[in-house]
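Common to both upcoming complexes is chain A, partnered first by chain B, then by chain C.
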Partner chain A sequence: MGLETSDDAAVYKITDEIAMIQTVDFFTPVVDDPYTFGQIAAANSLSDVYAMGGEPKIALNIAAFPNCLDTEILGEILRGGADKVKEAGAVLVGGHTIQDNEPKYGLSVSGFVHPDKIFKNYGCKPGEVLILTKPVGSGIVNTAVKAGMASDEAVDEVIRVMASLNKTAKEVIQNYPVSACTDVTGFGLLGHCTEMASASAVTLDICPKDIAWITDADSYAKMGLVPAGAYRNREHCEAMVEVGNAEEFELDLLYDPQTSGGLLFSVAKEYMDSILQDFEECHLETAVSVIGKVTEAGEKWIRLV
Partner chain B sequence: MITVNAIGDACPIPVIKTKKAIQTLAGADTIEVLVDNEIAVKNVSKMAEAEGGEVSFKELSEGGYKVTIKISAADTHRTNTKDTVGEADEAAAVVQELCMEGSSTCKKTVVVIASDRMGQGNDELGKVLLKGFIFAVTQLDELPRVMLFYNGGAALTCEGSDSLADLKILEEQGVEIMTCGTCLDYYGLKEKLQIGSITNMYSIVETMSGADKVIRP
Partner chain C sequence: MKIVDARGLSCPEPLMLTAEALKNYTGPVKILVTEPHQKMNVEKLAKDGGRKATSTEVTEGFEIVIE
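Then we have the complex of A and B:
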C-alpha cells in the first residue's frame, strides 16, 4: 500500500495467496474501569486489521503504567485486552510494559488477508452507497461523562459501541464487492470521508439526518460538551466540505473524534439491502446507518445534504 | 452580574461552571465567563445559547477571552423551573438527578465563611483552626453544595490563602465556591481571586434562604 492514501495499516505480500497486515495503536484511558479500558483499546487496535479486510492472528501488548498505582489495575487492563483478542480469534503472545506517569494501553497486531481481497480506503464509484457500522458520538459522550452529565443510557451505549469488535461487520462485507473501506477513528466521520473522497476522486453526499448517533450525543453537542479534537478536525476539513443546511450540533458530531469507531464502506447500491439483512441476521450489536452516496467529483469532496 | 473564572480549566469544566452559574440566577442577569482558549469560548457559547442566552465574546488584551452571556428573566424561569421540555432542560434534569443519586453534594448544605479565623480568642490559633476546618470539610461524606465567603472570609479564596488546595479539591467535587464581590472590592482583592466565582448580596441571601442547613464555623 502506498502512504499517499493514508491506509489503516501496513501490508506485506508474502505469496500470491497471503499478505500480512501489521498495525499498532495505543492510547490513554477513555473510561475509569480498567477492564473496560483494556477491551476498548484492544478493539480499537484490532479494528485496523478488520478495516483492511484481514483477520487478526497475533497480538502483542503495549502498555505504560505508573509506579504509584496498584499493579492489579494493570492486570485488569491486560485481562480486558486479552479477552478481546480471544474474541477476535487471535493469539496474545506477550508484550512489553514501561513505566510512565499516565497509563497507556494498546496492541500491535499482525493479521492475514488474501492479496486480492484487501479493502483499500479508496476506489468509491459514483452511484454507490456509503454504510457505517457503528453509531457516532463517542468523543462527545466521553466528554459528557467527564463532566458528570452523561445519562446511564449514554454511558452504557458508548462503552458497548467502543468495546465491540468490527469482526462481524468485516465478515459480512467481505462477501460483497466492497470498493473502499476504512474504520472511523480520531479524524471523525467527516475526516475519514474526506480522505476516502479525495483518494477516490469523487464527491460524497452525506446526509446527517440519516446517521445514527449514540444515545443523547446530540443533546451533549448542543450543550457545548465538544472535545478539542472535534474543533481540530473541523479546522482541517472545513475547506473541503459544503455544509448546506446542516445544523451546528450535527457538524460537531460529524467532526467528533471517535474511539474504536465502526467500519465505513462504499458498495454498489444493489447490494445494500442484502448487506443490511446480513448484519441483522448476524446480530451485529451496533446501529448501522446508510449515511450517503457517492457522486461525480464536484466542487468540494463532501456535500452535506 | 456574576463572573465565572474558568482560566486554566480544561474542557468540559468551563461549561459546567457556567451552567451552574446560570442555574443560580433568579432573574434577568449577565454572566461573564473568563476562559483562556478558543474551544472553551465555543463550547460555553453553545451551552449558553441552548439555555436561551444572548452571547458575545471578546479577546482580552492580557490574554484569554471574556464571554458575556445575557440571560432574560423568562430564560431563568425556564431553566430553574423546568416546566417546559427542551433539551437543555432535560440535560439540567440529568445533572440534578446525578446530584440526587451519586454525587456527594446532595443535601442543600451551605457553609458560610465570614471571617479569616475560626472562633474568638487568639487570632493565630483562629487562623489555624479555620484552615483545619476547611480541610475537614473535604473529608465529609456529604459535601456542602455551596461555600460562601464574605467579609474577612473573602481572603480565603484569594492569593496567599493556605486553603486554596483544599478548596480546589472541593470545587472539583462539585462544591460551588462563591465570594462576595463587594468584600473583594473593599479589601482590594478582586484581581487576586484564585477560585470559584464572584457573587452579590442578592444571591448570598438566596443561597442561604434556600439551604437545608447553614454551617458557620
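Then we have the complex of A and C:
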C-alpha cells in the first residue's frame, strides 16, 4: 500500500492496478443563478480528480444554506451539481446540508486512477511545452459582473468556462506522456506555475501574449476590476518571477484567482501538435493556449518572455 | 472638488463609486479608500480613462485625487 499526497487530492493505492483519489471542495456563490452556481461548484470539485489523471466515480454534496431563503433555490443549486456529476459519468449518492448565513456548495468526490498513470504536479523537464486548456480571467470578469460593468459576451463566456468540465481535456492528455499536470484555481496561473517550477527544479518561460484571456478580461483588468486575491497572489509570488516587459494588465491576469480553471500540463514538444489536434477533434469547448516552455533552472522560477 | 468616501467598503464598490463620479465630469475627484489594492484599482481606472491620479497615505487608508 502506498500513500501519496499532492495539492489537488489525496491518493490511496488499493492494488497494483487501482488507486483511489479523494477530494473535497466547496465555495460561496460566484454567480447569481443558483443552477449555474451548482454547475460551476461541481465542475470545480470534479476538476481535482481530473487534475490527478483520474476518473470521478462517486460524489457527495456538501451544502450550507440560510433559513431565510427559499429552499427551491437550494434545490436548483443541487440540480446544477447533479447534472454536472452526471455529465462526468459519476454517481451522486447524497450528501449533507447545514444551516449557515451564506450559501455554500461543492462536492466530495472519489475517483479511480491506475497508480502508474497519476498526473503529478511536478516533474516537468527542460525542452517541454506548457499547455493550458481554458482561457484565463474568471476572477477579473466576475469582479466586473459584481460591479455591473461586464458585457453580455463576457458574462456568457465566463460562465461557460467555469462550468465546463476538465473531463475532455484529461481524456485527451492521458494518452500522452504528460510529465506534470495541475488545475489552475485560486493561486492564479502564475501561482500554479511557480509551484510546478519549484517542485520540478526548472524555470518556466511564460509568454503572456500567447495566453487566451476570457472575452474583455483584459479591458476589465486595465479598468482596475482586479480582485483582492490577485494582489495577494502577486505579493506571494513576485519575488520568484522575472517580469521582463510584461504589462500591468497582463500581470493582473496572470495572478488572477481562477474559479474552476483549466488543466495546465507539461509535455514533450513532439506531442504538442497531436494533442492540439485531438482537442479539436474531441470538440473541447474552451480556448487552449500553449503558454510557454520549460527551461533549465535560472535565477527565478518564472520568466515572462 | 467631488469627494467619494469609499472607506470600509469592499471591492468592487470603491471602483463603482469612482466610475460613477468620473462619468461626464472632468473636474477633480477625491476618493478615500481603506485597502492598498483598492487604491491601486482606482489608480488603474483613472489611467484607463486618461486621467491623472495622485495618491497619498492617510491615517485610515489612502486618498487619491484624480484630475
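Just so it is clear, the second predicted complex is superposed on the first by the 299 of 305 C-alpha atoms of A that agree within 3 Å, B and C clash if a C-alpha of one lies under 4 Å from a C-alpha of the other, contacts with A are read in each partner's own complex, and residues count from 1 in each chain.
Criterion: contacts are C-beta pairs under 8 Å (C-beta built on N, C-alpha and C of every residue); 3 or more make two chains touch, one makes a residue touch a chain.
Since this is a predicted model, take the numbers as computed values, not measurements.
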| item | value |
| --- | --- |
| Fit-or-clash call for chain B and chain C when the two complexes are aligned on chain A | clash |
| Contacts of A:Ile18 with chain B and chain C, given as first, second, both or neither | neither |
| First, second, both or neither for A:Val91, with chain B first and chain C second | neither |
| Chain A residues touched - chain C or chain B, whichever exceeds | B |
| Which superposed partner A:Ser151 touches (first chain B, second chain C, both, neither) | first |
| Contacts of A:Leu69 with chain B and chain C, given as first, second, both or neither | neither |
| Residues of chain A that lie at the interface with chain B and also at the interface with chain C | 143-144, 146-149, 221-228, 231, 248 |
| Parts of chain C lying in touch with chain A, wherever the complex brings them together | 11-12, 15-16, 19, 35-37, 40-45, 47-48 |
| Contact set on chain A toward chain C in their complex | 143-144, 146-149, 221-228, 231, 248 |
| Contact set on chain B toward chain A in their complex | 11-13, 15-16, 19, 38-39, 42-48, 50, 87-88, 90-91, 94-95, 98, 103, 174 |
| Chain B-facing residues of chain A, complex | 143-144, 146-151, 218-228, 231, 248-249 |
